[in-house]
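Chain naming follows the written order as A, B, C, D and E, and within any one chain the residues start at number 1.
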């Protein structure tokens, strides 16, 4: 097992769900690269396809969904889309750690954390189970918990924040170097959230991970991520270094989103809501730009042509209006 | 004008024959919300915000204390007598999905309270439909398209607007919005907040805003008051901007420190406060409720319970004092209502993030 | 009228062939595994004729109640005036534990019988046919004398028809002063009341008494019991053991007739008493290998009895009309095809003994053959009206003939259902109503709640018993200490409500209750003319329409055992255990 | 542990109150049954040819076991007896204590009910898992519909059909009581073989009747658990299939154990039909007999015993639940 | 105008949508159609069936308990009547009693459940203890004991008693539904708006539970049929000349249906009726499950 942070290259990924109205894409033609050792954040509103994208990294899209096209290349694993059976199972957990969206409920209510840890060890053929427990205790201690006590507890004896930390521990304990965190702080209160985010940052740095954080809260990404990707209606509309994107958002959706966040200081009247409402799987336009209905920069071309993701230095934007500007500038 | 003094609420958990457990949800809360005014309650999960909101909306009884609605005391009244008073206070639920009956159209949903209102005020039946259209327009919905729909045919934001419209059918004097936007898509949240603000301005409805997101509190009523609640006690209160910009209670400071910083747009505060441990409801009630988690606690904190009192700049000259703000400067910020807190060792700390441009 | 019993004249060979005799106790569904081997216990595990012995076995002769097969008693002498009966115990009778059966055993048993209630040993003051004294003549002889204040023809029967149990097991139940107490209890007064209470208390102990082990003087002893089943093994000490063929007797589980049908059609049972069975089932049973049906007389009939306190049943023409209207052959065919034969008259006597009692007079009685025209004539005479093909009461109000039967008496219900159909087809509206169970039925019918209900009658063989059902307590006549009294309809249990005196064609005015009471003490010759008068009365006045006379049908199987009683044998009225102990049954070679 | 003890104490207290109430109800229902058993018995004996006076005496002896005194006195007597597990004496069983008669019958109910329930439980949960996994296919549909049908059809229909098939058309199995008397009771092949042979039909009926319920319950339980996040989480952690299967099974079976304990209690009372059809001398048949025989004490006793067994089953179910579910164990309220 | 709006356009479209949904669900599995047809058949049989036969069924004393033949498809009974005719004419009593049972079960159960769940507090406590007790006392044994006290003299009375004995489960379930609905914001909102309890219960709570209650009602119908047929079968009830349970009882205990195959038709008749009724209700409940499932209504 490699001890270095792996890089991930998602290319042209499309995931569809089978619905009464036919197969509809929840993730459409997404390309994204996770640099080894970086923290990437993906933001998007409910239903924009974040979780689906995250599950694709483990080739774990649940039926009635399936990966319809594209590849997910992970260093040391190859294309996970092609992985199957035991190979896939071994990759999960050992290679890729996944912290569940509802980590609150990601533990078997009938078993203690310790027993589940041992189950995990056995599943992955860990011979030195003592060592595994030691490692787990250490990780938990690292996150400010009393390891021995936590391992002896059942899920219901742990608070939300503690469960989330146990989830992180279970994702890391097998020494996975790619970690996916799906909404790691949703449903936690602010102080706990801050705490968890701090832990994520620290563990990331200490263990040399490649981390993907998924959230609907731009603040969370801003806190932890080096790179930021914005999803809308199953498309990746903008990506780039966090500070750059936040400081100078290019895509009209990103701009609107940032504008819509009330801040602690400054003129509150500057904050503006986006008009319209986010699409659902059924209402997302079949062709053309997914955002055009709510877009202030809408052009004729938006109705028919889905904008390509165009790279501009470290930034990538998928918008006709922006691309035109870039071209004009050029 | 709605005021409460010393409101106490204790839940006795039933179902266990011998081991009944008590949850002290509110431990003597004072508040005052003027007509057309705004107040926001913030605090960690489980600190009693919802309970207080429900008590104010008359949906829950309180054990001790006094609530006055427009000067009428509620305590001596029977539940039936309280009703017309509490009707003036309407609750907006956190979850717009469950707040609407899925088996009834929006028209039916609005029709019921309106016809009741029509009967009470002796208005004709035709008024009902006019009024239904009117309240929907007030919340920014098109009556023509919305009236005949079922809730599941509407988006979350629209649903929440319908909920607000329904509350408006009885001409309330106050809306209690309990986490009214936390379940709504980020891009739509501001719309609802703006609506509440707009209703305040146009209809003179006061708004009680319950949230754990301090910034949204600011958006609904920057002229209102902010109450910081911790384990059923108000630990700090004052004008919204004052408390946000210059919190003195370590708990308030912890809350504000925890707000994520938009790196790239903002600079973090210089003196962030992190609690020593996480919230544990079973901790002892003795002394200051925050004492165990407080990085600045002193001896007094573990033995004596601090009570809410007006912050005076002189207090600032304690051993923890950090950046010394000028006394008059403080005085300037507290216009109208004073900033109050419940801490033996209050100190201003620079905890919140500020926009780059300001720094 | 006395008869000598045959002592054990064993033919030497025979019997003893061994083998398992499989049977069923039709009188006792659901053998109780916890029941004691106590013949008095209602759910005890004493099986008549097998491990429970009586002094003698009553033959139920057509006209003479005092004929017996020998049991514990080898022979007996009945005093000509019926004042006493002297019993000689089988000389070599022994209990299964080897002790001889003695006169003391018999005396104790008769004492026990008086605590639990027995016809000849009743402690009710004034009862008829009660023993005055029990005397041990010698080790093997007992003499029982009758209290002649209110004598009964059936005294000897009342004495002989009693269980005999071993004194060395049961004696602790009777206190030393018991016999004095018993005597004292027969008088009236507070003292006697107290004695009676004490005796009843002993009776309760007797009923509940559980001998630690079955000690029997019968051909078998109880080996073990299951819920519903019992196994008995041969008693080597039985006086006639050499003639007892089966080595074991197995009583099969039985809680409903359908179970017996199954056993019989599978040829599993060597013997079973009568159970009602539909024709198809009967055919199937008959077709089972070795299956054999033996039929004999069963001293009982069923009738449709009226409550004459209710209109229009007070009118004899209505009753007669109904008698003509009901096709008794059809009823019997539907309800009891094998277990009954349609009654030829409705004289109140079973047709078999009727021939004995009435002789040629029987043919002069009106047979009430199915005849719609006659029925209509009778109805018209009663003043009933026919409107739109439906009979109504005289005043034009609707008439619905309502028949009651206890739930679970399926042949009765089936018969009533058939009668209902017949009546409706002829314009008489009718219904069948069932009552939760037999006890309630009896109580309610006695309370006069029904128009009409089924009623067992012609209970033989004693002449008094035969008519007691029609002209006894249920019809107003009671016989206390030899005195006959009549109570008005609706009072004192009189629900039938016949007139006290009836003008009978060719006889004149008769008081049927008094006539019936006379039968109690009449000899066979004295009884004959009375029986004729009563038969005429019953047939003319119709307090009940006699529907069918029961037939005693016994199921046997010749595959494993032979020597079964002949058709019509009086043995058929006794349990198969008696056949075995008398040495009739032989193992098939 | 303290939590469990507390729970137990609470349940026991409630159970005892329940038992007293039920005893009271059954006492008064039984006493209000119309029909004077004494008068009725006299009539019956007379009909069977006994002299009226003798019949009266015999009846008085027999019904000497009937409690005397005013209704209230009888009631207090009855309740006092109850404290000593004394339910009075049976009339039809010659004054044997009701408890003894009940005990004898109970074993014949308990054994087949237990066997039938366990059999159906085991088969039912396996098929339930299957039905849950294949729930969108034809097989799942067939399993579910047949399960509902078996669950819906009353016991006596199944009993009669089985009896018609195996005892009448192809008579290969006995339907007459619990064991053949010819075999010496004890641990010998003949006796046990006979026991088993006789139990086949009743047990099969119990099993078939209960099977439908299990398959439905297990299916819905598995479907619920399959939707639980922790199963997906385990999968995403790369847990072995066998371990995940154990997780699903254990979590899905948990609620069924409660139903299992409860159903055992309920089945004791529901045995009437099966015992009647197969002539199995258990509690149900005893109750039925005691009703037709008007044996008050026995009727009340049988009814009470059946009810008590349900109450006890309730308590056991709950305790059981507390032992295996850690959430309850620590005193947390899981559901209402 | 408002009334117009409410009753015509909206509810008309709603109804149309609803029926379209029903049709879709039905079409998905043809077996459900079979269920509906069967139920309609039973209803028809109960209402009109007896009219096709004379009040006094034809009988033939010479053809008692005959096996199935061309004349009598399921043979004849012990009085020589056609078994099918008996099943049809007997259905009225059985179904009527079952209907009464179901109505009472549902009305009492839902009433108590609603009241208890809505009022909560002391009343809830008392009622639920009562319901617990009700549920603990086993139904069949209680019925057996009761059958000795009660005179079940008509179908309606029969249904009444059965109904009064079986509301427990519905009450418990409705209560828990009420409790959970009560937590839903819309009930609380209605209270906050000052709407009357009548309105809340009848317009807000009941419609949400209607499908559930309807399903319970169907299930209660089967329960009612089973219980009474069972009691008649055991023979603890007064004789009814025309009743499925009575047929079973007569067939088994009198006509030897379990001994001779010739009477098997007599046994099969009522058994088949019960099986078909069960099947019908199972299929329809399965369909209802899907029709009323809100998730499927969303589409």
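The definition used in the following text is that contacts are C-beta pairs under 8 Å (C-beta built on N, C-alpha and C of every residue); 3 or more make two chains touch, one makes a residue touch a chain.
Not measured: the values here are computed from a predicted model.
The minimum number of touch steps separating chain B from chain C is 2.
The chains touching chain A as well as chain C are D.
Note: the chain lying farthest from chain A is C, by mean C-alpha position. The largest tally of C-beta contacts between two chains is found for C-D. Centrality by C-alpha centroid: the chain sitting nearest the overall protein C-alpha mean is D. In terms of the distance between Cα centroids, chain B is separated most widely from C. The distance from the centre of chain C to the centre of chain D, each centre being the mean of the chain's C-alpha atoms, comes to 40 Å.
Each chain gets one centre point, the mean of its Cα atoms, and the points for chain D and chain E are 25 Å apart. The geometric centre of chain A is 54 Å away from that of chain D, both derived from CA atoms.
With centres taken as mean Cα positions, chain E sits 48 Å from chain C. Looking at chain E, residues 147-148, 236, 252, 258-259 sit in touch with two or more other chains.
For chain D, residues touching at least two other chains, in rising order: 34-35, 167-168, 276, 291-292, 294, 336.
For chain D in complex with chain C, the residues that touch the partner chain are 34-37, 39-41, 43-44, 47, 49-62, 64-65, 89, 91-96, 100-101, 104-105, 108, 167-168, 171, 175-182, 185, 276, 279, 281, 285, 289, 291-292, 294. Interface residues of chain B, counted against chain A in their complex, comprise 44-45, 155-158, 185-191, 193-194, 212-216, 218-219, 222, 244-245, 254-266, 274-275, 278-279, 352-355, 358. Interface residues of chain C, counted against chain E in their complex, comprise 256-258, 261-262, 265, 277-281, 283-284, 330, 333-334, 405, 407-408, 410-411, 413-414, 417-418, 420-421, 424-425, 432-437. If you check the complex, the residues on chain B that touch chain E are 57-59, 83-84, 86-87, 90-91, 93-95, 98-105, 107-109, 111-113, 116, 125-126, 128-129, 147-148, 150, 152, 163, 166-167, 169-170. Those residues of chain A that touch chain B in the shared complex are 45-46, 159, 161-162, 189-195, 197, 216-220, 222-223, 242-247, 256-258, 260-266, 268, 271-274, 277-278, 294.
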